[in-house]
Each structure stands twice: as structure tokens, then as C-alpha cells.
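There are two complexes below, and they share chain A, which is joined by chain B in the first and by chain C in the second.
Now for the complex of A and B:
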């Protein structure tokens, strides 16, 4: 019976691997992917990148302009996240099972947040292009909507996890709704919520680069501009600057997390 | 003595569940009495306690507390009644990131207007009372410590302080010692007994430990499957009663009972 059990497990694993191989094979045939060529072109790509895609002395004169755009992108990301977080806090309090006013408003606010969360920021950018055209505002709203949806969900979970016990206790003392929010929910969940906001800022700075490509603004647009005009050295500089900025932001937010948690 | 709390034909059926959690529960509790509610897991002890201060709404029946029918109260009146009933929890239910003194003062929030409550405006008198209560409970050296840095027994004493600062007529305690070691458990039970005896506050405790219930209580209420199967003094309880409360496989509990009655 024991031996049988293991034999069966092995059979299952084998079947799974065979199925995986089958699917891979079908995918290769359908997309007419040339496996040999795929591998042999990797060294070529690396050689090209090393030969062309690095910043040169001349590209450094563009640095101030690039930094300008980077700062704009950073500020837009941070503004979109913090404003999104404020809206998310309100919806999370209304949507959490612990603090909702009633089941009806609870489902409505969670429903709204779900819609916003399930539309990708890139999709938001495309949609908003129609209303705001190619401007920072489009990027700002795209990031705002995305952050709002994601943070609402995270905040709801944080509230339910961190404060349901003390909320029950304060309700039992006869405390009013707003007293409970300010003395139990906010103190219990704030550090975790700040941590989520920091995470969202990091994510948004990464997405902002992509959004910039779509909306013709910020650092993403700068990259696109130089890349399309074959100025690979400047484009490489842009990439380096973005990477440096993301590393800095990560270091700062890790530090803040350590202090508050 | 008049009854402070009177429960009449109380029943509770949770939405979407088949059987009833409580069926036709009747009992009354006098002012200053120390009452333990015992019964197996899932018998309905927590549900019963929470129906009394309407953390859970009963399906039918009446609850009279201090001559007011709790089941019929509007929101505002219900809050008023709740300020007179302290509640103590198995998992303490403190705000972990706040200090001992802040957690204690939370017991005053029910009496405050919305604005004073939100801003946490506590009077000098309230702060002094908090300090007095904390020192009675032996916590005077820990008042600025964060709740999550306390031991279980210390947390539970903060929970008691938060309930006492309400100046309650009654305490509802849901398994207050279930997560504590025997020594801390004894400290907590001694405090609860003392609160009942010297302050005249009525205490209702859900307990899992039969020996503790028998030792501390003026009255025992035994519950099985949502029904009261015993209601009387600890001295009057028999093997058959324990068997009725806990079901037939309660051999070791019966053994305990002999020890308690003998001592």
C-alpha cells in the first residue's frame, strides 16, 4: 500500500512532465519558432548591446535634461500613490468586514475597487489618452487608478487582520464609529499600510517609465525619443539613471519599513 | 436581592446554519453575583455572552439588564447600556501598538461625544482613575509600555483595567484564562473574584476549567448544545450534572470533581 502510494506519485509526476513537453512542442510548431536560431542569436544580442548600448562622454551633456524628466516622473508617481492611498483608505474602511457601515456599502466599495484593480495601468493609460491626450496628467491618473484599486484591497486585508480584535473590544465599551476608527483601526493598521504605500511607490516608478512611453511624457518618453533616433548611448544613460533611482527609492523605503514595523 | 440581569427564552440561530446555537435559555443573575458558564466547545457560551451586550443579535427572547429590555434598544440607548458592561476576551483584544495607559483609557470612549472621542480628550480625573486602577492590578511600572511587549497575564490585566475604568455594573468575560499559564490564570481569577466581592460588580465568566469554576463562583450555569442543563450553586453540582453538561465521555472531569468537593 505504501509502495503503491509512491509509485502512483511518480506516475503522476511523469505524466505531468510529458504533458508539459507536449504543450511546449505544440507551441513551438504553432508559432514557427526556430529553437536553434533562438539560442544562437543570444550572443549576437549581447555583442550588440556591449558594442552600442552604453553611455559615452558626449551623452553626459544630456544628463541635466534626463534628470529633470526623472524628477518629474518620480513626483508624478509619488503624488499618484499618496492621493490613491487616501482614497483607498476611505474605501477600505467602508469595504472591510470589520469596519463597514453595512453589508450593502461594503460590497459596493469593494466592487468599485475590484474594477479599478483588474484594469492594468497600461490599459488605463490607453483609455485616458482619449480624455487627456499626451500629457503627464494621463500618466498621473493611470497610476492613481491602478494604485487606488490595489491599495484598497491591501488595506482591507490589513484592517481585518490587524484590528478586528480591538474593534470588537471598543464596540463592546459603547464607543462610537469614529472613535473606533481613530483609536483602534488606524493605530493598528498604519505601519502595515505605510509599508504597502512604499511598495506601491516603487511599483509605480517602474510602471511610470512604461506609461511614459504610451503617454509621451516623463522619463519613458525621453528614453523612447533617443532610442528611436538611434542615440543608443543616451538611451543607455537613461536606463542607468532609472535603475539608480529605483535602487535609491528601494533603499529609502526599506529603511523606513525597518523603523516603523 | 433583585436581578440585575434576566435572560428569558433566549434563542439564537445564525444565518445560514442549520441548528440553533442557543435554544430557550432562561436564567437570572443578581447584583454582585459571580457566575460561571461552563460547557463543551461549541455549546454556545460565547454566543450567549455576546447576546447579552448585543455584539450578536438574538433571534428571539428577552434580555433585561438593569430594568431595561436590551433586545429592544435603539443604537444610542444600546451604546449607553454597553458603557455599563465591561467585556474581557480570551485574546485580550488590545490595540497592540498603543501603550498600557492608552489601552486603559479606551474604556472611556463610550461616554464621550464623537469629537472628544476621536481626538481622545481625556480629563485629568480620568487619567488619575486609570493610574489608580492600573496600580491596583499591579501594572504601575508598565504604564508607558506598548501592549505587544507585555506577557499574556499582563495583557489580560490591561483588559481588566480597560473594563473597570468604564465603572461597569457587570463584566462579561469570555474565557479570560484560556491562553494563560496556571499562575497568571490564578492572578486573573483572583482579581475577578475581588472585583465582584469588594466592588460589588456582577461578573459572568465563560470557563473551560470546571475546577476553577467550582472554586470561584457563587453560581454555575451549565450549557450543552445551546441549552441550559444545570443552574445552581457549585456545592450542589453532582457527577450526573457534569455528565449532562459535558456528555458521557467526561470521566476525568468527574475524577476532578471528587478532589474539589473533598478539599
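Now for the complex of A and C:
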């Protein structure tokens, strides 16, 4: 009996590994991935990076301009996240199973959020590029749509987790819809929501770099400019500045999370 | 007289305590930080709107143009420069990139996740691994891909390796957190019975966190699909993202973008439904 159990377990893991290997093989063929090159290119890249990819004395001259672009990107990311969060809060309250007005509006608002979430910010950027051109607004709206979709899903989960019991209790005492929302739902899910918003800001700064590359604005464009003109020392400086900014924001948001959660 | 006096004192007492609202909110550190965070974010948002580089764009006109674009994108999509089969194949390429990245990332991340879990390695090793991982995570994926592209050339190799970096750092964090949740007593009991490090890992740690690991890995696969689309566009990694980039930046064909968006949307929603089903079956 026991031998049977282990034999079955072994068979199952073997089948799983075979399936995984099969899919891997298909993926390698389809993407034309060169396995040998994959292994050799890592040491190559490290050697190249150690030889060329670091900021030098001369590149520091460019620092003020880079910081300007970084601040612009940070502001775009933060503005997109907060406005997205406000819209997401409305849709989450309408979409959550505990606080929705009725099932019809609930599924509509969740459906809208699903569409916005599943179109990537890079895709939004390319769509918006048509009408907004190379201005900050392209990046802003792309990040806004992406944040809105993601935050709606997170907020719905937060509301369901944090307040289903208290909503039922308040409803039993005869409290009105709006007093339930403002006195119970929002206060009890606020800490978790702020945590999600801070997470979204971190993510958005990284996405903003990508959007900048695609649309020619912000810090992503600055990187691309020096990268394409083979000024690798300045490009390295741009990377370091981005990393420093993201680590700072992570530290601040970790502090806030520790205090409020 | 005495009774009268008592009445007056009672009346005074009532007068001395005017009706006040019960204070519901208390000021502690948590509320202060919450409000400060909200205020600072609101302030920065307002400041951001004033400082934007608008480049003399007529906002209303641009909004109207966007609505018109969205309408022709979603309501009149067409494929002009390639066939339906080609688009399907490109989606498969993007899925392949995402799969390879997730697989490599997961394998490497299991190992580093074990090193990063405080209860399985020393505190010193754990903080070094976590610090390196935090640094890797802070560099945007597209920059990793472009940095590798210098050595490996633009293409699937640079894309997969660059994206793997980010997947590893994400999964190490997720895995190590689920390893750390393991009950201390289990490890102690196994150690007391003379089990070695690898035996503890394979008999206790991995089996107990397997469900968490699977759902995190699948979530990362979902993310990697979106990232692979973006890398196709920004770093020439091929796949449906590259077609979208061409349609947007070279052919300026909004309807073709619409058709491609439908493909991406269909796959992404399919993955999301699969993930939800997987989560339900595992828990």
C-alpha cells in the first residue's frame, strides 16, 4: 500500500517534469532561443559591464539634467497613481461584493477594471502616443489607466477582506449606505489601501522608464539617448540615479507600512 | 432647604458639563502617518499637474482625438500587414519568452530563496542576498534587457536573460517569505532526528510551501507575459509586442493596433482566469 503511494507520487512528478521539458523545448524552438549563447552571454555581459558600464568623472557634468528628468518622471508616476487610486476607490466600492449597489453595476465596474488592467502600460503608451505626442501626458495617461485597473482589483480584495463583517453589523443597525461607506469601509481598509498605493508608485516609476523609452519623454528617453549614442558611462549614471530613487522610495514606503499596518 | 441645595448642585453639574460629541478618533502615530502620507501624495499630485511638460497640446482636442482613436481601434480593428495565423504565432512567441523567463527565474529563485530565508541560512547570508535582490529589483526590466543586448545582441537571448533577472529577484522575495512562515518546531524536530540540510529542504520546506510557490510562480508568468509584450516593443525581442511597435511607430495604423490589442487582451484574460482556477484548486 505504502509502496504504491510512493510509486504513484514518483509517476506524477515524472509526468510533470516531462510535460515541463516538452513545453520548454517548444518555447526554445518558437522563440529561436540560443541555449549555448544564453550561457556564454552572461559572463560576456558582466565583463563588458565591468569594463564600460560605470559613470566616470566627465559624466557627472550631465547629472543636473538627469536629475531634472528624474523628478519629472517621479511626479508623473505619483500623480498618475493618486488620481488612479481615487478612481479605483470609486470602482472598487461599486465592484466589491460587500458594498456594491447591485449585481449589475458590480459586474460592469469590475469588467471595466479587467480591460484596463490587462492592457499593458506599454500598449497604452503606444495607443496614446497618437494623440498626445511626446508630452508628459502620454506617460501620465498610460500609467493612470494601468494603475486604475490594478488598484481596482486590489481595493476590491481589501474591502472584501477588511469590512464584510462590520458592513453586515452596521446594516443590521439600520445605518445608511453612505454612512456605512464613510465610517466603516474606508477607515478599516485605509491602511491596506495606502500600502497598495505605495507599491503602485514603486512599480510605476519602473514602468515610466519603459514608457519614456517608447514615447520619448522623461528619464527613459534620457537613458535611450546616451545608450544609443554609445555614451555608456552617462547611461550607467542614469541607471544608478534611477536605482537610488527607487530604493529611497522603497525605504520610505516600508517605514509607512510598518507604522500604519 | 437641604433638598433644595442638592437640586442646585445637580443643576450646576449638568451646566458644567455641556454636551460634547464623543471623540471617536484618537491621535496616535499611525493616524498621523496615514494623514501625512495622504496629504503629501495629494500635494505632490497638484504640484505635478502644474509642472508637467505639456508641449502646447490642446488638451480637449487631444482627449477627443484619443476617444476617436479608441473608437476606431476597438470597433474597426483590421489586420493588414500580416495574417491571423501570423499574429497567433507571434502571440505564441511572446508566451514562449514569458515561459522560458519564468522557468529560469523559478529554478534560480528556489536556490536563492533558500539562502534568503532567515530560518534556513544564517542571518548574515540572508541579508546579503536580500540586499542584492533589492538592488536587482530596483533596475527596470527594460534596462536589464538593453544592458544584456550590448553583449548578446538584440533578440530573444538578451530579452530572456534580462527578464530573468527581474523574475529571480521577485520570486526570491516571494519564496523566501513563504519559507520563513514554516513552523520553527518542524525544522527543530527534523534536526533533532539527525536530518541533514538537504533532507530538511526536500522533506519539510519545499512540500509545505509548494502551493504558495506555484501560485506566486504563475502570477509571475502572467506578469512576464505583459513584460514580454513590452520588451518586444522596446528592445526588439520579437513576438506580438514588436508588431505592435511597428504598427504604432512606423505604419501609424491605429486599427491594426486595435487588432493586436485584442490578441493581447484575450491571452491576458485567459491567463487571469487560469490563475484564479489554479488558486481555487490549490487552497
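Heads up, the rule we're going with is that the second predicted complex is superposed on the first by the 239 of 261 C-alpha atoms of A that agree within 3 Å, B and C clash if a C-alpha of one lies under 4 Å from a C-alpha of the other, contacts with A are read in each partner's own complex, and residues count from 1 in each chain.
As a convention for this text, contacts are C-beta pairs under 8 Å (C-beta built on N, C-alpha and C of every residue); 3 or more make two chains touch, one makes a residue touch a chain.
The structure presented is a predicted model; accordingly, all values stated were derived computationally and were not measured.
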item: Which superposed partner A:132 touches (first chain B, second chain C, both, neither); value: second
item: Touched partner set for A:22, first chain B, second chain C, both or neither; value: neither
item: Dominant contact partner of chain A by residue count, chain C or chain B; value: C
item: Which of chain B and chain C A:165 touches, first, second, both or neither; value: first
item: Touched partner set for A:31, first chain B, second chain C, both or neither; value: second
item: Which of chain B and chain C A:111 touches, first, second, both or neither; value: neither
item: Contacts of A:188 with chain B and chain C, given as first, second, both or neither; value: first
item: Chain B versus chain C as contact partner of A:41, first or second or both or neither; value: second
item: Contacts of A:65 with chain B and chain C, given as first, second, both or neither; value: neither
item: Where chain A meets both chain C and chain B, residue numbers; value: 190-191
item: Residues on chain A engaged by chain B in the complex (per definition of touch); value: 162-163, 165-166, 168-176, 178-184, 187-188, 190-191
item: For the chain A and chain C complex, residues of the former touching the latter; value: 20, 23-24, 26-28, 30-34, 37-38, 41-42, 44-45, 47-49, 53, 72, 75-76, 78-79, 81-83, 114-115, 118-123, 126-137, 140-141, 190-191, 194, 197-198, 206-207, 209-210, 213-214, 217, 220, 223, 227, 232, 239, 242-243, 246-247, 250, 256, 259-260
item: Residue ranges of chain B in contact with chain A within the complex; value: 53, 55, 78-83, 85-87, 89, 91-98, 102, 106-107, 109-112, 114, 117-118, 120, 159, 162-163, 166, 172
item: Chain A partner contacts - residues on chain C that touch it in the complex; value: 29-30, 33-34, 37-38, 41-42, 44-45, 47-49, 51-55, 57, 59, 62-63, 65-66, 69-70, 73, 89, 92-93, 95-97, 99-100, 103, 134-135, 138-143, 146-148, 150-152, 155-158, 160-161, 226, 229-230, 233-234, 238-239, 241, 244-245, 248-249, 252, 254, 257, 261, 264-265, 268-269, 272
